[in-house]
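Two complexes follow with chain A in common, the first pairing it with chain B and the second with chain C.
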Partner chain A sequence: MTAARARAVVAIGLGALAAATGCEREARPFRSTALTASAPGEVTVSVLQPGPRAPRPEMAEGPYDENAYAIADGKRLFDAYNCSGCHSQGGGGMGPPLMDSTWIYGSAPENIYATIMEGRPNGMPAWQGKIPSDQVWRLVSYVRSLAGLTRKDVRPGRNDDMQVKPAESSMPRQRAIPSTKP
Partner chain B sequence: MVALAFDGRHGARTWLALVAAVTLAACSGEPAPRSARAASVPSTAAAPPNSDAGRATIPAAARGADDGQWTWAGKDAAGSRYSALNQITTANVANLHLAWSFATGVTRGHEAAPLVVNGRMYLVTPYPNYLYALDLGKPGAPLLWKYDPNTLSASQGVACCDVVNRGASYADGKIFFNTLDDQTVAVDAATGKEVWKVRVGDINQGETITMAPLVVKGKVLVGNSGGEMGVRGWLTALDAGTGRLLWRAYSTGPDSEVKIGPRFKPFYAADRKPNLGVSTWPGTAWQIGGGNVWGWLSYDPELNLVYYGTANPGPWNPDQRPGDNKWTSSIFARDPDTGEAVWAYQMSPHDLHDYDGVNESLLLDLAIGGRRRKVLLHPDRNGYVYVIDRATGEVIYARPFVHVTTSTGVDTRTGRLTMNPDTKPVLGQVVRGACPASPGGKDWQPSAFSPRTGLVYIPANNLCQDVESQTASYISGTPYVGMLVKMYAGPGGNRGEFIAWDPVAGRKVWSIAEKFPAWSGALATGGDVVFYGTMDGWFKALDARSGRLLWQQRLGSGIVGQPIAFRGPDGKEYVSVYAGVGGWSGAIVAGGLDPRDSSAALGFVNAMKDLPGVTRKGGTLYTFALP
Partner chain C sequence: MRAWRHGTAFPIALVAVGQHAQSALDPAGPQGDRFIGLWWLSLAISVAVFVLVVIALLVAALRRRHEPVAVEPVVAPEPAGERSLGRVVNAAVAVTVVLLFVWLVASVRTGRAYTSLRAAGSARAPVEVTITGHQWWWEIEYPDTNPSLRVTTANELHVPVGRPVVLKMTSTDVIHSFWAPNLGGKRDLIPGHVTTMWFQADTPGVYRAQCAEFCGYQHAHMALMVVAEPAGRFRAWLAAQRQPAAPPTDSLRARGERVFLGADCTLCHSIAGTPAGGRQGPDLTHVGSRLTLAAGTLPNTRRNLAGWIVDPQSTKPGSLMPQNPLGSEDLQALISYLEGLR
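Let's turn to the complex of A and B:
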């Protein structure tokens, strides 16, 4: 095998790999899937468990955590539903910041979903019945993107308004953050 | 060296005043404020130019009876925040030391003024709005009782700018105060038992209450907050004995609901048309148009009028509400017995910059243009000090007290503010250099007046901003703003200023540059000492005449409260103030906001990124005395 041929094979292989991983990132979901149509199952807010430790079902990723289109849509919804009225562009105001590493009620997708739907006692309204669950999941993945909890390459890289903060895509990657200080 | 500005026709009085002025000049022989943290404005030079002839005074009828007490946040019906107590003087204030302190157990912005009545101190805290009574007759002022109004925790989610409370009011054996979740409460001042509690608003509409009520003629006057939530503003009178609702006057809507009737005689012709509260709005936008009443009230017993300002129109995006948006960003004069409006004046018609009109109106009697007039002095968010005839609503003057680029002046013929089109927000465009910024030349932080110096002491901001107007969608109980904002320091780089203003001459006499916005109230005393606090925690005493810094003490948290002076049961003069940073300006600390987002807290965070490095959350009442 000549060097040129070897390079071509590697290039084709890389291209195929890129196409495979890019599928989810580029997909435009127009219809909610079965998962997104309903609430997640058991959601716990505390890491404390009485008695022997049982494995806790935990969602590592939101249904749209890999999807750039849905996350960009979540960014639009974040303004449209006035989330930004309280949480600003992630720095907080009337509500707590969402771009930092403090997560009072947990940063797992199901926790954020439950927080949006159920509301929280210190001022978070309950959006149950007001926002379709599919849109809530898009918001979940956008909120996770604000804090760098999603892959860099799926997060929005631009902002069409006055520059007030670094783009979501430039936030450092963070792993799951448990519930911390209120 | 002394600039004298009195009327030459008063021969003998002039001579006396000259003697007085020379004496003053001799007393203040020490250098004017020039230290690193105290810079004076060019016009300082002199002792106050007022003589007795023209000097402003507090209207006798609105003066408090007993200077040993502090029964309302504003001290008296004139809102003077002046205590005639004079044990603490310019000569001995340097010896001031901590007498005792009391931690409230709450760590949000402590903007309230303590009350002192009959040997007790009453403290209302930010949410959850505890009311504490301390016994001033015992060493260390021990706690007598605590009252908990059980404020709904969800109310924190609709409070625009921290969960503050600005104080209580005492009358007829009861303490009256408001809670964040729209309850007005009357508590027996002796026992701490609830006398009545009524809910006057709804958090699901975005309504909260943060203001200190004023009690006038057996009526508790209460107004709502929510200008950032599309809440329609109102002032309500409750029966002080029972809590029964007596009347409610809206700031927007038809004349019948604004309580505009035959007695309404605004000074300016353009304001005399019917139902301006509807016709100056598109469609039904007045129903969600703001004009809230979350600031200060004052009362003139002689004219039997209460005065108060209304907040910004909603949303901030001005293109969603073409028209003058009456009666937002305005002052109302009302008959407290019926609620009827007697006059109104709009400082900022079709407000473009969130210039609420809720700031204090100090009632003063002064000679201007050769005649004695009953006025109110109102330093507005839009950057002008207004002196208005409080009987008629005529603007006598409106002069800028901070750097202003958003307007070019007030036409005293029409009363109308002339806006600068270059700083008007435009949908989807960044418009830079709007000064003052949305918190205004000053925000809620109340001024004080000393009849001894004839000066008004104004805690002020020096902020400008860049904005981008955006489409706001109305969802009840959520923010309704539509403006991306980024604030920063105005010219000079200092974000605050403490100003001594001559109300007669209409100009600054001296001022102190402050690093952070001067977000505390001011206190003037009979010992010619003026007190205020800074957001980085310095409680300061100045010479009321020269502005010279005489004493300062670093407290446990930034100061956004209102200092008061009182006479203890031991006959000594004390000065008290809350330390507990917060409020809109301090939200970055109180709410733990992220400085990487300049638009956080409606853009205030951009101007306050260094605050968390110099002060932390707190909530303590400090009381100082001479040895």
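Let's turn to the complex of A and C:
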């Protein structure tokens, strides 16, 4: 190796080291930002309402779609709360599959949040008052990564136990499908 | 001296369980007794070797040179000097080999004595306990062929004095390790595999055990209290633990029960005798009778319980228990209810 090449290698190495100091560890949200109870009525399930038409309250965006830790936490909760009992690891059973591109009630974070909180006809129970809203947002982001709606690099790469389906991170990226129902 | 006898015991937990609760230098059973001999032998040999090496080093460094250094060093063979140096090195090697051999024999003897205790214990109807490690708490089960007599509790292991105990241990998430220094060595808890450990406590007392294998954020706050008590008291404790939770008698506790059953709690926790049957978190059927909260992190007081329920993430960041923003009246009722679960 010539002296010039050696100098180039050293310079590139030092540059890489300097760049590495810019790397930042992803924030791990342990506490929900707001210490408030999820009050009934937070989720709007219908546009029909008594009296004059009021503007529909804006829902928060799914806060954890970019956070690998929260999505992995959602994966843990998905098993812990027995979502697999009906949705079977996302493949569907008694409940509809969650890893395909068909979304009866919309795939946007607020649609999925409403589905979990308020329940849906024909079997989906309402979890409002049973699962804290912060954990529901984690579940929302995990459900979205089951279908490949989140970035590939934040989705879980493997299971801690036997794998029954391809890892979430190997699902093809999907486009969000807007809800046809409120 | 006294400071390091406490070992790494967490000060808050010490307030609850007294001194020397977590120290291998204070053995409370035959297993611990076997180790203490090996420990003192190792300490004595190590200190002696260290002192001798430091003395030799100081002598070599401070010794006055006999002759001033010549400008042109003369390198000539010195057979007499080399022979004496060779003898010193040979002697040092011989002493090292002998010391290591002493250590080997002592270690093997300790191991054999330990195994013979296990063989003796298995012949004497041991108390069997199943321990499951979770991030970051211990699930403890006293199995029984009659399912209604099984006892599930958490973070507190009660054992009778003078009777061998066999722990069958496993884990649900990552590798943990059970280590009660007063009672013997460590044993890992491995997911998907059952490890067995025998011990016996001869001195009544409360001993602190600690997870000894790094298992995540709250590894340091994953402790277990081993309560060694006379056989009669142990039987009484077990009989009390077999009872379902008594229904609340006053209106405050009744309200607390309604709060518990109506809130997020039931998805993870169970209380025998109520519809709450979650299996993710510790069983709370007799939570009021336990010494500590959150796996040996806090003494079990009313104040700590309130703080723990409302905001566990400030005490144990990363713990799987979420925040529970309850109104103050609901919270007071809930704490009265939980405190009364004895």
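Basically, the second predicted complex is superposed on the first by the 125 of 182 C-alpha atoms of A that agree within 3 Å, B and C clash if a C-alpha of one lies under 4 Å from a C-alpha of the other, contacts with A are read in each partner's own complex, and residues count from 1 in each chain.
Going forward, contacts are C-beta pairs under 8 Å (C-beta built on N, C-alpha and C of every residue); 3 or more make two chains touch, one makes a residue touch a chain.
These numbers were taken from a predicted model, which means no experiment stands behind them.
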item	value
Which of chain B and chain C A:Arg158 touches, first, second, both or neither	neither
Which of chain B and chain C A:Ile131 touches, first, second, both or neither	second
Contacts of A:Asp100 with chain B and chain C, given as first, second, both or neither	first
First (chain B), second (chain C), both or neither touched by A:Phe30	second
Contact breadth on chain A, by residue count: chain C or chain B	B
Touched partner set for A:Tyr81, first chain B, second chain C, both or neither	both
Common ground on chain A, meaning residues reached by chain C in one complex and by chain B in the other	80-81
Touch list for chain B against partner chain A, complex	153-161, 228, 428, 430, 466-468, 470, 473, 475, 477-481, 484, 486, 587, 591-603, 605-606
Residues of chain A defined as touching chain C within the complex	28, 30-32, 35-37, 76, 80-81, 129-132, 134-135, 160
Interfacial residue positions of chain C with respect to chain A in the complex	173, 191, 262-264, 266-268, 280, 310-311, 313-314, 317-318, 320, 322-326
Interfacial residue positions of chain A with respect to chain B in the complex	79-82, 85-86, 88-97, 99-100, 102, 119, 121-125, 161-162, 164-166
